[in-house]
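Have a look at this one.
Chain IDs A, B, C, D, E, F, G, H, I and J follow the sequence of writing; residue 1 opens each chain.
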Amino acid sequence: MMRFAVRMDVDLPRDLDPAVVQDTLAREKAYSQQLQRNGEWVHIWRIVGAYSNLSVFEVESNDRLHEILWNLPLFPYMTIEVTPLAVHPSDIHPPQ
Amino acid sequence: MMRFAVRMDVDLPRDLDPAVVQDTLAREKAYSQQLQRNGEWVHIWRIVGAYSNLSVFEVESNDRLHEILWNLPLFPYMTIEVTPLAVHPSDIHPPQ
Amino acid sequence: MMRFAVRMDVDLPRDLDPAVVQDTLAREKAYSQQLQRNGEWVHIWRIVGAYSNLSVFEVESNDRLHEILWNLPLFPYMTIEVTPLAVHPSDIHPPQ
Amino acid sequence: MMRFAVRMDVDLPRDLDPAVVQDTLAREKAYSQQLQRNGEWVHIWRIVGAYSNLSVFEVESNDRLHEILWNLPLFPYMTIEVTPLAVHPSDIHPPQ
Amino acid sequence: MMRFAVRMDVDLPRDLDPAVVQDTLAREKAYSQQLQRNGEWVHIWRIVGAYSNLSVFEVESNDRLHEILWNLPLFPYMTIEVTPLAVHPSDIHPPQ
Amino acid sequence: MMRFAVRMDVDLPRDLDPAVVQDTLAREKAYSQQLQRNGEWVHIWRIVGAYSNLSVFEVESNDRLHEILWNLPLFPYMTIEVTPLAVHPSDIHPPQ
Amino acid sequence: MMRFAVRMDVDLPRDLDPAVVQDTLAREKAYSQQLQRNGEWVHIWRIVGAYSNLSVFEVESNDRLHEILWNLPLFPYMTIEVTPLAVHPSDIHPPQ
Amino acid sequence: MMRFAVRMDVDLPRDLDPAVVQDTLAREKAYSQQLQRNGEWVHIWRIVGAYSNLSVFEVESNDRLHEILWNLPLFPYMTIEVTPLAVHPSDIHPPQ
Amino acid sequence: MMRFAVRMDVDLPRDLDPAVVQDTLAREKAYSQQLQRNGEWVHIWRIVGAYSNLSVFEVESNDRLHEILWNLPLFPYMTIEVTPLAVHPSDIHPPQ
Amino acid sequence: MMRFAVRMDVDLPRDLDPAVVQDTLAREKAYSQQLQRNGEWVHIWRIVGAYSNLSVFEVESNDRLHEILWNLPLFPYMTIEVTPLAVHPSDIHPPQ
């Protein structure tokens, strides 16, 4: 399993139908929480002052990470930055 | 307690005395691990392909975070970027 | 209590209903002044030549700062940059 | 009187004589505190994780601000960014 | 009196009513020429190949400069960059 | 197996001992060719006009990619940019 | 024959007719696969987390590469970055 | 006579009337070719993979260059970058 | 005659012989003042908080401007940015 | 034959032996002029105010262009930017 830091910046177009916005946000939340529960979306933090999050994913491959991100309900309205992570030699609880 | 993402990029000058380098790296590792044990340095990951880490700190104040970073043995050789984090509304295990 | 410098750049879409603009600006002003009165929005300056301000906030946590910024009536039209501040050792009147 | 936000980033060369460093830092501190006392250096904050400060100056002219900055003992080792400020219409305690 | 270099980049939306454009441009020109006549807008040059100008203002304060720029008829369509200027020690005709 | 695009920009310090340079370059070449032979370093191209290469790696994990890059003999003199790749749906010969 | 690395970032306008989008994507895929079959579009990878690809082309001239890119059905919605490549002296299987 | 390198990047709005586009492109081409014939537009190259050109102009003054560029039929849809050129001392055929 | 805005940022190496620095600065000042007297160096302003100036030159050609800048005694220690200027149609005192 | 625009920015280290500098510059000039004579280095212009040139090369391949640039006597002290060019459809004298 591998870890990736992912920053997502959301930019919702103002002219989206409010019902579409509500539905999209609800699906985004459910999607994120399902992936948190299955252990692939390990951390999610709000970035202070921004419609953005910093997340950490733990996945089996690049292809799986892309599949997760591409299917985010908010994907069309996001800018996404991916940073591959490795174990740090000073980590006292390195992942197995 | 508050969380901050911190990226540290290390640029060791080539003309440092090798003994100084060794000693500094050993002190850096011990310092990091002590803070990991006391719960303030929550995560540390290596950034793939770089002499850099992405870390998450959990501290009681900005002043405490600055104190921690300023006293890093490698501080004089680092560029540091700090991002304040908040609880994300989709987080299924939000910190208390 | 902690201090943060916050720069806000406003970009109002031209096609907003003028009545909505007026109402939003009035609410923004009232919201800012209420936070100034309660002591959390410590300074606000206009940046010369720009529809922007530089502000200083004094809040108890990152989460509180995010709550304040997220609820700005102009938030959907702003780009916001947050800089955590600490006490400077040369400050002759450091905050308690 | 006019206000300016000034960010100063310090980059001390590693090969400076330690006695020179100590003397320069002591003179920098005294110089800053004298200007704080005379009312021209209104605020000084440390930027978390950096050898930097964010300051606010209140001076009678651009020429006076340049004179102050040019004579900083650390000036040769600093990158300085100056932002002119004006009164913000929402400020509940605008300067006279 | 103080001098500021100001660069203004104009980006007129294509869907502005042509009559509004004509009127705005006429008011912008009259506004600029009035300030040139009263001595506050000291220089104005076109930047070659761009819908931009580089100007120098001579004003009594930051607040006055902001007032001038904020009231430019083209202000909503401009990006503005302000650089505070001081007397240069090599200037053979320094301003009084 | 996963693919990563990696750009490496080399900046050799001028004051390196020429014998050290020769030895480092020889070890770099041998190291690269060994990894090409074992199938992990899949492509290497020179970027025209630069002391740089664009490479593609095929590895089993982020940790393995970091290990490979960290041990490059030229690592201390390189800036490295890593881009994780996935299978493209239009690829007529997708990797198995 | 010469190689070029080409990064393409797609930004589809939201208000495109869905039938037009479908048709354009189908033509883009067919166009890409035809060029892959004729040997000019040598590699195509998805960039993880982005509506982007990194490709390698092998063409007889700059003019041919421009012709290929200019005629991409998605060209009007793409930002394209071209990097000319040369044979790397460490390549164990250099192209003939 | 003086030379300037000029890079022009075209960004045609999608909602332009196709007849207007055709007419504008035809006028742009005629305008460019007339200036090539009179000797002021000395070189024009397409930048590979972009709706852009790199050109060299030979004109008698900055004002003349600005007049030429300002009157390009595509000017409202272009970003233009101007670089003044001088004779290079290694040029074996320097302009008279 | 043509006008150019020129920004010069000075970065004096710390290890220059102080006598060389003094001599270079004296020659720079004399050189600048001679060009101011002959009418080619029309304006020179200090940029507040920086070892930089913003200048305006009025010269007969690009070649003459390059000759002036190349021969600045501080040229080897400067970063120079040149912006060609034209007459602005709103200028009430356009140059002849 | 293909054309490339190449910008070269020279940054000579101050501590180079003056005799080495003289020799390198003489070899650079001879090398450039030989390539101008053989028709591969088609244009060379000085960029006003900079130790830089903008050049156009006409070569048979990317590999040949890289060989030319890599062997520039000043190569170790240059930053080089390469832009592939194609024939522009408005060019009245397109290359054969």
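Just so it is clear, contacts are C-beta pairs under 8 Å (C-beta built on N, C-alpha and C of every residue); 3 or more make two chains touch, one makes a residue touch a chain.
A quick note: this is a predicted structure, and the numbers were derived from the prediction, not measured.
Trainee: Going by the stated contact rule, which chains contact subunit B and subunit J alike?
Mentor: The common neighbours are F.
Trainee: Using mean Cα positions as chain centres, tell me which chain lies farthest from subunit A.
Mentor: Here the answer is chain I, farthest from subunit A.
Trainee: Counting in whole Å, what is the centre-to-centre distance of subunit G and subunit J, each centre being its mean C-alpha position?
Mentor: Computed value for the inter-centroid distance: 28 Å.
Trainee: Could you state the distance in Å from the CA-based centre of subunit H to that of subunit J?
Mentor: 22
Trainee: If you average the Cα atoms of subunit B and of subunit E to get two centres, how far apart are those centres in Å?
Mentor: 46
Trainee: Find every residue in subunit H that makes contact with two or more other chains and list them.
Mentor: 3, 46, 48-49, 62, 65-66, 82, 84-87 - these are the residues of subunit H that touch more than one other chain.
Trainee: Dump the list of chain pairs that touch, please.
Mentor: A-B, A-C, A-F, A-G, B-C, B-D, B-F, C-D, C-E, D-E, D-I, E-H, E-I, F-G, F-J, G-H, G-J, H-I, H-J, I-J
Trainee: In their complex, what parts of subunit E are in touch with subunit H?
Mentor: For subunit E paired with subunit H, touching residues are 14, 46, 48-50.
Trainee: What does subunit F use to touch subunit G in their complex?
Mentor: Interface residues on the subunit F side: 3, 5, 28-29, 32-33, 36-37, 43-49, 53-54, 56, 83-93.
Trainee: In their complex, what parts of subunit E are in touch with subunit D?
Mentor: Residues in contact with subunit D: 2-4, 61-63, 65-67, 82, 84-87.
Trainee: If you look only at subunit E, which of its residues touch subunit C in the complex?
Mentor: Touching subunit C from subunit E are residues 6, 13, 62, 65-66, 69-70, 76, 80-82.
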